[in-house]
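Scrolling down, you'll hit the structures one after another.
Common to both upcoming complexes is chain A, partnered first by chain B, then by chain C.
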Partner chain A sequence: MTTDTLPAVDDVHLRARIDRSLRFPLLFFFTSAAGWLCLSSLLGFVSALTLNVPELFDGLPYLQYGRLYPIHLNALVYGWAMQAGFGVALWLMARLSRNVLRNPVTLVVAGHVWNLVVSVGLLSILFGWGTSMPWLDFHKGICPVLLISYISIVIWIVGMFASRSEKSAFVSQLYILASVFWFPWIYLTANGFIHQDGGAAVMKSAVNSWYISNMIYMVLAPIALGASYYIVPKVTGRPVFSYALANIGFWSLVLFTGWTGMSRYMGGPIPAWLPTVGGAASIFLLIPALAVVYNQVKTMEGKLAWANYSPALRFAFFGSIAFLVGVALNVMISTLPVGKTLQLTQAQGGIDLVAIYGFFTMTMFGAIYFIVPRIVGCEWPNGQMIRFHFWFSAYGVGAIAAFMIFAGLAQGHVIANYTEEFITAVERGKPYLAALAIGWFLIGLSNLSFIAQLGLMVIRRGRRDDEGPTLIHKKPEDYFTHELVTEKAAQA
Partner chain B sequence: MNEELPNPETTHLDYGERSSVAEIHAAVQREKREPLAGFQPVSMVAIVIAGLILVLGGSYLGAYNGGFDLKRSYAVANYEAAPRPVIPGFEVKVDNRPWIDRWMEAGKEVYATCAACHQPNGNGLVGQFPPLAGSEWVVNGSERVGAIMFPGILGSINVKGQVYNGVMPAQGALLSDKQLAQVMTYIRRSWGNNGSIVTEEMVKYARDKYGSRVQPWSEAELLAIPGDAMLPGAEVDPLTGLEPGAAPAGS
Partner chain C sequence: MNSLKPFLILLALAFVMPWLVLIVYPSAKLKSIVTEVAYAKEDDTKDAVFPSGRPYLVSGARVYASNGCAYCHTQMIRPTYAGADRWRSGWSGREEDGLARETLPFDYVGEKYAYLGVQRNGPDLSNVGHRIQDAKWHYDHLYNPRKVVAGSIMPAFANLFTTQPVVGQVSELAVDVVDRGGSRYEVVPTGDAKALVGYLLGMKKDQKVPKSVAAK
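Up next is the complex of A and B:
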């Protein structure tokens, strides 16, 4: 292929070649991810409705909360989050390893397989063959196929890293590698443990919660952190404030995440030290979270206002803050003082959502807003719609998380009191759950605007004038052109 | 810019792409360099904060680890379990009766297999099935009963002064040691009989000794076993079912 022999003329041309080689796989992953996201938002809305009005779809087993909610959640995780992650990780790895993707076609095929597997998995839940283990609801026959499909995708990411031209690795690359090596082993361990014949049932639930926590903090989070460690310096044109801090953030995340998760069963019939270790590890996670946020704020220092204009920066910055908030909330629910009331209530779902939506998803949006113009060669059609997307998503996820936590507080005391009946706890939470439906409605709307813009970009109907990048607000002064000019001057 | 560039690659997947990289999209062009790493050292404050977090987490672990005991599911000092909740219709029945009553009750259930012939009241049927109630074969030594259970009896046998001439089928192969022990205890202690308790251990001895015998007993052969011979095995306390002096169950 001519691609391989072509000399890297200069940085800009290399980037352009990398972006072009990734266009099809990335657009495939981003659009199908966005599709799943819309479906998931819709089901989030409908399942929230059934929580409020349980008799809504009487007589239709397919539309009951017990199936809708797992479909919503698994579509969000395996349909949207993992695929958006594939796209972003591929792009970051290619850019940072200065490597052109050699096999776009293979990757697109692997992507189709992934989507097929996820669809079959979701259907298995719909028909009632799910496992009812949260985040692992797919029928057990799906697991091996999903794992193989995962490996057939990430192998290209690892390959690009292995053949990188620059020997030193940027922290984003470390994050991405950690993520792609983490998923196979936790997925295998959790499924193997849960689907074995026999074994203590409570331990299976505990392993399940360990899996969820590892998915959030060691599979999804690293990709988002890798993306914001790329986007923030890139957009602001500054080096990462402190590389030492970035390293601490990375290694502490790797070190502590594996211990988290079992705290979900504090006081349950498992050995007491398991949840306690989980609680302590969730406290330790404050270290990577603080390191990341401090590092990014310092990197942006003096240019924080740019988050007003650059969509990528705004989403990524929001995401990083949400990461810290999510980790702090996770400490609350994972340790005894507050956790003993909050655990096993709606609050758990709300706090998970801060991490997978407020943090991960928002950062992915930022990355997609950054990447797609580069791979398709035109600008996002409308900054107004990006602003709409941002605010509706932010308010939506904020409302859902806040009200689920309130619901949890209202329920927690009842659940913890053995003289109360369980239904009382359910009813205590009910008033707050209306907000859940509203929140998912807002998110759904915002994602419609997102997928509409993305669709336009895919068919290359974006802006093609000389206005420069699409910004959230019309820039008051020429921040970006100014930067470009100075940088050009510096390079010349 | 850069018109002198070599002609760019095209991939098969490409659509609508202008064939020259010379026209690089503005987004790529305006980009800043790939991110660099700054070398700010980690500040003292950051190290102190990290230290505090480690101490906090560590002391949480120290306070609630429950001694890393694999069998302890609570970690709080002075923990007191809540009383069992009472759910109407789901009361857990705890059987507090003496062990021997439960043993006899289980034996009665097993006896259903014998009752077809020997009758529920243990009196048998005149001329066909001999009685077990008051039978000298049953109440005296336990070894004879144990022996009968295995290959059964063929030919005439004198029970309580009456001669029976039927077939007693083998029972041992169909029942477990425990069930045999229960039913043997049951027939030895019901309907006014007052024999000793038979335990699993004793049945095991009988099975070892007679289990492989195929030829049913004749009366003469049975009489060769001393009438007061007992199956060897430890005696048990009727209250607990354990050897007297052993620790109570559940400790």
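Up next is the complex of A and C:
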């Protein structure tokens, strides 16, 4: 990893060439992802609103919670998360494998196909072809196309790794490979099992819950962790504190994630040992979470305050902490005493959101703030807007997760008290669900500022002075900016 | 970890274990239990009725899925160790006949997918067929939930209804009658609504546990 010395000139030229080769595909993935994110935030807001004002869209058929919510969720996962992940994974893999992307055009075409497939999938939900299977809501005919499009995108990532000149591999590369290897497997498994004729109907729901958990922890999480392991050392100019710990974190994630997920149906009509195994496995996920957070804190030791200045570092660090929080909350809801109250309420969605938004999305923001200036050759226009983006996102996701968990507690306690009318559970949950709408509103605002800045960067209207990277606050004396300054000199 | 092959082999090993144990094995096992049960039907007494033959099981589930019902309603009753579902009046089946119980895998025989659900913004529907036996109630409720259940947050499903001129008497199933330019129109359920209501009326997951299953 980088040290505090200036990189060799050859290195700088190679990096500049890599970044140039990736410019169009990455900007395509990032902007379309950001677009989906804005749509998803809007629908998160609207669907939360319909829980409070159910007659909101009475005149408009199809705009019911049962369709808006899955569209919001699938836009978040397949529109935003997967595409942001493609961009970040491509860049990390190219830089770490020191390979130039050979065929940007094919990648952009594959990206268009992906967006088209997601659009058709979301429309299929809107017009009643949805499946009501969380995270697998698209009409089943869409699955093969989505998978082919996925493979035609990630094949370039694997290709760059396979043809790398150095034979060693950094932990970020392992994370990315694990992610791109696991997605086709779980996606095929889930769709194959669920859409087959025959088979036990209850196992299909169990497989669905397994799929969600694996999507979060083994498809999305590794890309964010890979990005963190790159960003934190780069920005602080320090090597990873303990490479052994990084490896332990990686392999424990790989070993245990596959077992998680079915704890979502504790007491469900599936063999009781399935949720038990899932609950136990989710406890073991604390190992990778603790390993990552400890490793990052130690890497940043003495420079922890830099998270106040570097947008990438701040978002990534927030993300890693949220990873630990998300895993810990998931452990809690997977245990019997907590789960019997909180499962089958809003709480599970809130806990998932800590992982998808608090962890994955925030880390992706950090990575995008890090990557985009390097591929377009100018700096983010406004540090204050980045600060706004951070705080509104952080408070937004914090509020949403907290209110969904509180709503879950309120609902769960009434349901547990079986003499109370069920409608009381609805009434008790309602104030929190109103607050949920406010949370999505905050997030929507923050994402508007994000997409506006990203748009300016795409048309290369960023800052071009010699001040160095755009920071959240005015930079401290010892802030490390050598790498970027020299890279820009090489690009010029 | 210097080359791709051993890394991928290790990765595959880590993935294939849970895949076999959590998915392939229990799926095969449950499938065989379900088939055996269906086969042993003759041996059991008449009360071991299977829900698989009930009408609208597939077409109704399709409408249930299209409208995202599963995002607010569950179809699973947890045993007493995992919540109080069993004790909630009307949720777990015919208490008076001693048939109330948690849901079991064979309750979902014949369904393409078990809509166990994710959260309870609305009540559990496992035994709604026992709780509400009046189709008209369901039509009124789907058309205007708050007219039937005060404080409900269920959306109105106008897309499941169609307006037609009243010919002769107002249809029995009409949920509303409106005057437009002097002529009378009635709002009646579409085929989808009928399938959905048929599906809900048949939702009875409290059949007596068949001997062949109870023995296991």
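Rule of thumb we're sticking to: the second predicted complex is superposed on the first by the 459 of 492 C-alpha atoms of A that agree within 3 Å, B and C clash if a C-alpha of one lies under 4 Å from a C-alpha of the other, contacts with A are read in each partner's own complex, and residues count from 1 in each chain.
The working rule: contacts are C-beta pairs under 8 Å (C-beta built on N, C-alpha and C of every residue); 3 or more make two chains touch, one makes a residue touch a chain.
Just so you know, these numbers come straight off a predicted model, no measurement behind them.
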Contacts of A:Val277 with chain B and chain C, given as first, second, both or neither: both
Chain B versus chain C as contact partner of A:Tyr418, first or second or both or neither: both
Which superposed partner A:Leu336 touches (first chain B, second chain C, both, neither): both
Contacts of A:Gly268 with chain B and chain C, given as first, second, both or neither: both
Chain B versus chain C as contact partner of A:Arg67, first or second or both or neither: second
Chain B versus chain C as contact partner of A:Trp391, first or second or both or neither: neither
Touching partner for A:Val105 - first (chain B), second (chain C), both, neither: first
First (chain B), second (chain C), both or neither touched by A:Pro373: first
Overlap of chain C and chain B interfaces on chain A (superposed complexes): 267-271, 277, 281, 336, 418
Parts of chain A lying in touch with chain C, wherever the complex brings them together: 50-52, 54-55, 57-59, 61-62, 64-67, 69-70, 125, 128-134, 158, 161-162, 167-169, 174, 177-178, 181-182, 185, 189, 193-194, 197-207, 210, 251, 254-255, 258-259, 262, 264-271, 274, 277-278, 281, 336, 339-341, 343-346, 348-349, 408, 411, 415-418, 422-423, 425-427, 429-430
Residue numbers on chain C that touch chain A, as the complex places them: 1-4, 7-8, 11-12, 14-15, 17-19, 21-23, 26-27, 29-31, 33-34, 64-72, 74, 76, 78-79, 81-85, 87-89, 102-105, 107-123, 145-146, 149-159
For the chain A and chain B complex, residues of the former touching the latter: 1-3, 6-7, 9, 11-13, 15-17, 19-21, 23-24, 95-96, 104-105, 108, 170-172, 229-230, 233-246, 248, 267-273, 275-277, 279-281, 283-284, 286-287, 290-291, 294, 298-299, 335-336, 373-374, 377-379, 418-419, 460, 466, 468-469, 480, 483-484, 487
Residues of chain B touching chain A in the complex: 2, 5-6, 8-9, 11-14, 16-17, 21, 24-42, 46, 49-50, 53-54, 56-58, 60-61, 64-76, 82, 85
